[in-house]
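The same chain A turns up in both complexes below, where it pairs with chain B and then with chain C.
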Partner chain A sequence: MGRIILNAGIASFLFVFLFAVPVRAGEATEKIKQTTDKILSIISNPALKDPARAKEKKRLIREAVDERFDWEELSRRTLARHWLQRTPEEKKEFVVLFAQLLDRTYWSKVEDYSGEKVTYVGEQIDGDYGLVELKVLTSKNTEIPVFYKLKKKEGDWLVYDISVEGVSLVNNYRVQFNDIIGKSSYRDLVKKLKEKIEEKG
Partner chain B sequence: MMKFWVLLLLTISLLTSFSPSSYGQEHETRPLSPVIFQSQGTSYPNGPLLSLNLAKEEEDFLKEEPQPSIADPLEPLNRVFFVFNDKLYFWLLKPVATGYKAVTPEPVRVGIRNLFYNLGFPIRFVNCMLQGKVERAGDEIARFVINSTIGMGGLLDVATNKCEIKRNEEDLGQTFGFYGMGSSFYIHWPILGPSSVRDTLGRVGDYFLDPLHYMDPTKYRLALNAFDGVNETSLTIGDYESLKKAALDPYIALRDAFYQNRRSKIEE
Partner chain C sequence: MRKFDIELTVGLFIIAGIICLGYLSIKLGRMEILGNKGYEVYALFSNSGGLKAGSSVMIAGVDVGRVRSITLEDYQARVVVNLSEGIKIQEDAIASIKTKGLIGEKFIEISPGGSDKIIGPGSRIRETQPPVDIEQLISKFVFGKVE
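Presenting the complex of A and B:
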């Protein structure tokens, strides 16, 4: 159990974009690698190490991530059945808020990247859905199994969930959001999201 | 005076089991050898993640399908214990572990973790056999022998690093789950942390397979448990904090993460 907390923290989805040793590359895996390599090159670009260009660096990395992640799919899955009851404006608002929450939570992980090795284990494709498995090797010699779930949209593979050590990000938030909505309301959930995003530290 | 020390040791020893990293199972246990799986149920049986029914699974959520989750009838009480554990971590366990970390190099601490992991051999072995996972049980024996001899009593994890023997986690709670026992409901123990009815029963059973359990006198055993916990925590400082940072409701986040993780372990 402890592993999951350990690794939910460490191997967050942004942080998992690391240098990869290819074992066998399928379609979806290729896409993940493309994005990974792009982000890596941004992180290791000496020209961007200058603190004055930190904002630009962050923007570039964010763009690379946006290319591969389907924020709307991710967000609506965390709301699950509550999504259907939302108005179009509420849906838009939620997607933005949730992306901000993840950004705030996991950005520091990207900055903390220190050369952990990633091995692509394999992938499964089922029609428009794909599953990419990899293992991250930490400095303490522990291996963390990570799964990306992808969906094919307009010919491109986009990520809609990550699971670390058997714990899916989407499911974990889904249970939390469902609990909050059940105990109070959707508006309260939005309020809590905003508060969390504003939180210091 | 003695009583005070015994009590302190007892507290820390129990705390260690709480330490998010050492709940229920010994330490680092990740399958190591890269397994290339083909697209049809090969190396992995029907894990929820690996079911080929991704399409169906993912469309189901839009219907009024309830999320698989663990029942939590004791939630108010569990939340109290959650807060208690939270304070205990920040006020006691973490400061101690941080101090320890500052004076002990990481390779040493990893070595110590390996040592304690090696002691978990009986629990893993017995439960592998109980689940009929004979090949894994064989791996456990090989791992134990190699690490205890060449690995100097378990200090060096030669089995994983040089011999590519997969690491596993098996315990009685997983064995119960393997045979179809549901988790029943969630219990968040003070000090010990997240558990379920089933996993608590498993813990009790495994207790008798823990070599440390048979150590006399008691105070040495407690000291060792405490040491194990502090060492483990020193290697995982920051993870609990990350969980709290990422969650809107850390109690639920932890409960659900525990549930998902146990489920995936049982199914592998």
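Presenting the complex of A and C:
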């Protein structure tokens, strides 16, 4: 059930929704909005609706997401103490794999987007850290609280975690990766990730 | 002289008994005799869900400290935790409130992070996860909102 919630939440995050109600948007919230507005415009662009251009559309959306997500930070936090033991090459490999995993896992949710409404509740800034709170209203009329955690890097706010219904994406993967590495090895985890990515095409 | 000996012996036994009782109480109550070993850090939770002062703090299921105090700060729960001396918590460690078993007592689980920065005494564990409210989740996804 947790995964369903996470999936719904993650799907929603990519789209700030045509009906988003802005609430005194702060710095970090602005950045989230920028990205989601960009993605929305790509989705609603009539020129890109042509199935022949599907790949291009996907690439554009992926680029917009890459602008806002700190994949390296996400990788570091999910691998946790195992990150420190990796060589620079292994780290690079992992960052790419992890981004691909999330992409494959949640892309179908992105395609399933059907106009869920999002309300920005507010944000808290604490030095270089920002927390943006929003609520997603699903078709079943349930409200899902979503938190974006951002860190300021070189003047830009980048996302390093998302929490849906109080469950953090980083924590979710951290526990799983830790388990796999504990039971077998890091190379095995990499193998599993590659398999999962292949599987989802 | 004899009476004095007997009384002395009895007295010594009583003192020994009290010391044993004291030792037993402390061990069973898991109190720290010196109370101030280790260092303190704190974390803010949106909901502390039944966590109490004295609750365990664990890493990988191993006791590494105790909850010192829980107070309300800005409508959030400020949980101050006392950690054993040698325990290092990375800057991106996540503190979650979990339940022992399904309906047992609450405790804090700290999951180590990958940052090379360590949280110093008096500092904050930034990443937190409140207890998951199963009832709320079930009701939301079975029944939806009534509005």
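A few remarks follow.
Methods note: the second predicted complex is superposed on the first by the 180 of 201 C-alpha atoms of A that agree within 3 Å, B and C clash if a C-alpha of one lies under 4 Å from a C-alpha of the other, contacts with A are read in each partner's own complex, and residues count from 1 in each chain.
Definition applied: contacts are C-beta pairs under 8 Å (C-beta built on N, C-alpha and C of every residue); 3 or more make two chains touch, one makes a residue touch a chain.
Remember, it's a predicted structure, so these values are computed and weren't measured experimentally.
The superposition on chain A brings chain B into a clash with chain C. Look at A:Arg68: by the touch rule set out above, it reaches neither chain B nor chain C. Of the two partner chains placed by the overlay, neither chain B nor chain C lies in contact with A:Lys31. Of the two partner chains, chain B is the only one that A:Val121 touches; chain C does not reach it.
Judged by the number of chain A residues each one touches, B leads among chain B and chain C. When the two complexes are overlaid on their common chain A, residue A:Lys57 makes contact with neither chain B nor chain C.
Look at A:His82: by the touch rule set out above, it reaches chain C but stays clear of chain B. Among the candidate segments 38-46, 92-100, 146-154 or 218-226, the part of chain B whose C-alpha atoms clash with chain C in the superposed model is 38-46. Shared contact residues of chain A, touching chain B in one structure and chain C in the other: 1, 4-5, 77, 80-81, 83-84, 129, 140-143, 149, 163, 165-168, 171, 174-175, 178.
On chain A, the positions that touch chain B within their shared complex are 1-10, 12, 23-24, 77, 80-81, 83-84, 105-106, 119, 121-122, 124-131, 133, 135, 139-145, 147, 149, 151, 160, 163, 165-168, 171-180, 189, 192-193, 196, 201. Note for the complex: chain C touches chain A at residues 46, 90, 92, 94, 96, 111-116, 126-127, 129-130, 132-133, 137, 140-141, 144-145, 147.
On the side of chain B, the complex with chain A involves touching residues 19-25, 28-32, 34-39, 47, 49-50, 52-55, 58, 61-65, 67, 69, 106, 110, 157, 160-161, 167, 193-194, 232, 235-236, 238-243, 245-249, 252-258, 260-265. Taken together, the chain A residues at the contact with chain C in this complex read 1, 4-5, 76-77, 79-84, 129, 140-143, 149, 161, 163, 165-168, 170-171, 174-175, 178.
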